[in-house]
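What follows is chain A paired twice: with chain B in the first complex and chain C in the second.
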Partner chain A sequence: MILFLSVVVFLLAAAVVVVFAMLGELASRVPAPDDDGRRRIESIDTAKAGHRPSYWPAALAHVADQEYALVLVLSSTCSSCETIAGQVRTMLDRGPANLAVIVACPARERGEHFAAVHGIDRHDALFVDEDGAWVKREFAVDTSPAALLFRNGTLQSALLFWDLPAVLNAVGSLSTADQEVA
Partner chain B sequence: MKQTIMKMRTGRRKVLAGVGASGLAAAAAVFGSSTPAHAANWACCTLVFVPPNVSYSSCTAGPHYVWQCTFGTVGPVYRYNCCEKKNSSGTIIGSATKYTCISNCG
Partner chain C sequence: MALSSHEVLLLAVNSVVAASLVHAGLSKLAVPGPLRQALAELRVPAPLTTVAAVRAYAVAECLAGLALLADPTRAAGGVLVAGVGLAVAALGVLGIIRGSVTPCGCFGNRDSRPLGLTNVAIGLGFAVAGALSLAGGAADLTPEAPVGAPALLGGAGAMLLLCLYVSRGWAWPLIRPRRGTSL
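Here is the complex of A and B:
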């Protein structure tokens, strides 16, 4: 009887070892995250490059005064924007004057909720754009995450991105501090 | 002797009560701040109704909000239109998506 139980225990131990070995093998076969894919950046060809808005929302008024400014367009209906919003919070906390965030949303409360969840609601440089009406009307941008690069208040380029450091590198160094955050 | 046993029992109960209270506090901290909105992800969209519960044409027929996102980094890449259907008072009453393959469509 003892011999039988010993064999059973041995087999169970061996089975556990095999299971872990299989898990290890499966893990080794899972492809690594596609960093190149995440780092890619696309130009939004339909955006109104060269356009200068006739009206700036109060939260974005400072953008018009900067020689160079970056406005990130996020949306409460965009799942990858959630990751970006978490990264942006750190940047906003440092308070660069040439950075602002637009949160496009189907309803104001959803935009405010999105901002609150990701900790960007306490910043003055946040504009909750209901229906994305302003950013659509002014720049024909209705996709996100997007980065709008302004020079003296005029849209220079609009980029679609998936990784914040990648887009910061692409638009150039707005400030050394921002690069460090990224 | 009897007193010592009673003290040990009381002490054990206090420890267990402390563990229980700590667990409840931790659970409340993690799960207690539930969000008023219960949106969920569908491809690259974050929608109020998942899975989408109306057709795209129905969504865009009345008051609505449409936003685009891109789904996929390896293999086919899709451009999604995420649509939230609203009623006349602005409440979201339905969700829909439409997608087109824009790269590596094979």
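Here is the complex of A and C:
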């Protein structure tokens, strides 16, 4: 009986192999996606545009004073955020006053680890937001990676994005005074 | 039935080798194109690069793998596995000499490495495994120790793991989240 069941399991595994081989062949015939998918940007309609936070975390206090500011919301559990965090580090190193990063994470240690791995932990403009509580409460933004564009401390626009240069271009078209950010 | 460490090693080797060969054979039966292109690049004579020839080779791989999993055929399986291994190694050497750049299609996929050093290493590994199986047959093993249900189940598990690894190139972009991740 055990031998019979073992044969059945082996045949099922063999069938899976054949199906995967055929799917792989089909996948190889699909043209490679261009950058359009990665470069697309979606507005987060549920975000509280026009809202001014009642409270700013210390790491983001400078955002409220800028005419235009960009805050990127990354998550320690999001695969796209891994790539973006690496790109953001270079921008933070240049030190623009109107750029900040929020790392949302299930636990503070994970957020700090994420920031350390991507080299953004040494910057003051980094806020580790446990469970994304502040972002969710203040702006009703609960997805990542997200870009929040502020004007004089008020949320002007919230965007979902997958490519940093693409969102910087979009932000450039929304504001005229953020050339330093771009 | 308590197995000796020698028998456990033989069981593990048989399972992994059988899984690799059956996986490679079934994949090539389903998708013979990539190996045909790799063989044509190596200027292998045309009659040996037809779809039928590639599928015949795939059947030989499957039979070699399956033969390792049953007691009456284990010795013959050892010989077949060693032969397949030497053939794979020879193709790897040919790939190195002629500077192959076309994916080898060893598992039917088009994103694999060209025939080369990896194939030489794997082929020689198969040859050693075949010899081990033959030596195990000559030794006084517990009847059906390295074959039967444990070998089939081990082979099935190894085959599924190998399938996931081989398919990662096209499968991962399909299943990775593209929507924003919930905070």
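Just so we're on the same page, the second predicted complex is superposed on the first by the 139 of 182 C-alpha atoms of A that agree within 3 Å, B and C clash if a C-alpha of one lies under 4 Å from a C-alpha of the other, contacts with A are read in each partner's own complex, and residues count from 1 in each chain.
Keep in mind that, in the parts below, contacts are C-beta pairs under 8 Å (C-beta built on N, C-alpha and C of every residue); 3 or more make two chains touch, one makes a residue touch a chain.
Just so we're clear, the structure is a prediction, and the values are computed from it rather than from any experiment.
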First, second, both or neither for A:Phe20, with chain B first and chain C second: second
Partner touching more residues of chain A, chain B vs chain C, is chain C
Quick check on the superposed pair: does A:Glu82 touch chain B, chain C, both, or neither? Answer first, second, both or neither. first
For A:Gln66, is the partner it touches chain B (first), chain C (second), both, or none of the two (neither)? neither
Touching A:Gly132, do we find chain B (first), chain C (second), both, or neither? both
Contacts of A:Asp142 with chain B and chain C, given as first, second, both or neither: both
Once chain A of both complexes is superposed, is A:Val9 in touch with chain B (first), chain C (second), both, or neither? second
Look at A:Asn98 in the shared chain and tell me whether it touches chain B only, chain C only, both, or neither; answer first, second, both or neither. neither
Should A:Ala107 be classified as contacting the first partner (chain B), the second (chain C), both, or neither? first
Once the two structures are superposed, pull the chain A residues common to the chain B and chain C interfaces. 37, 75, 77-81, 104, 131-132, 142-144, 160, 162
Chain A residues touching chain B in their complex are 31, 34, 37-38, 40, 42, 75-82, 104-107, 109-110, 113, 117, 131-132, 142-144, 160, 162
Residue ranges of chain B touching chain A (in the complex, touch as defined): 35-37, 39, 41, 43-47, 65-70, 73-74, 79, 82, 84, 86, 90-92
Chain A contact footprint on chain C (complex, rising order): 22-23, 26-27, 29-31, 33, 69, 107-111, 148-150, 152-153, 155-157, 159-160, 163, 166-167, 170-171, 174, 176-183
Under the definition above, what is the set of chain A residues touching chain C in their complex? 2-3, 5-7, 9-10, 12-14, 16-18, 20-25, 27-28, 37, 73, 75, 77-81, 104, 129, 131-132, 135-136, 141-146, 160, 162
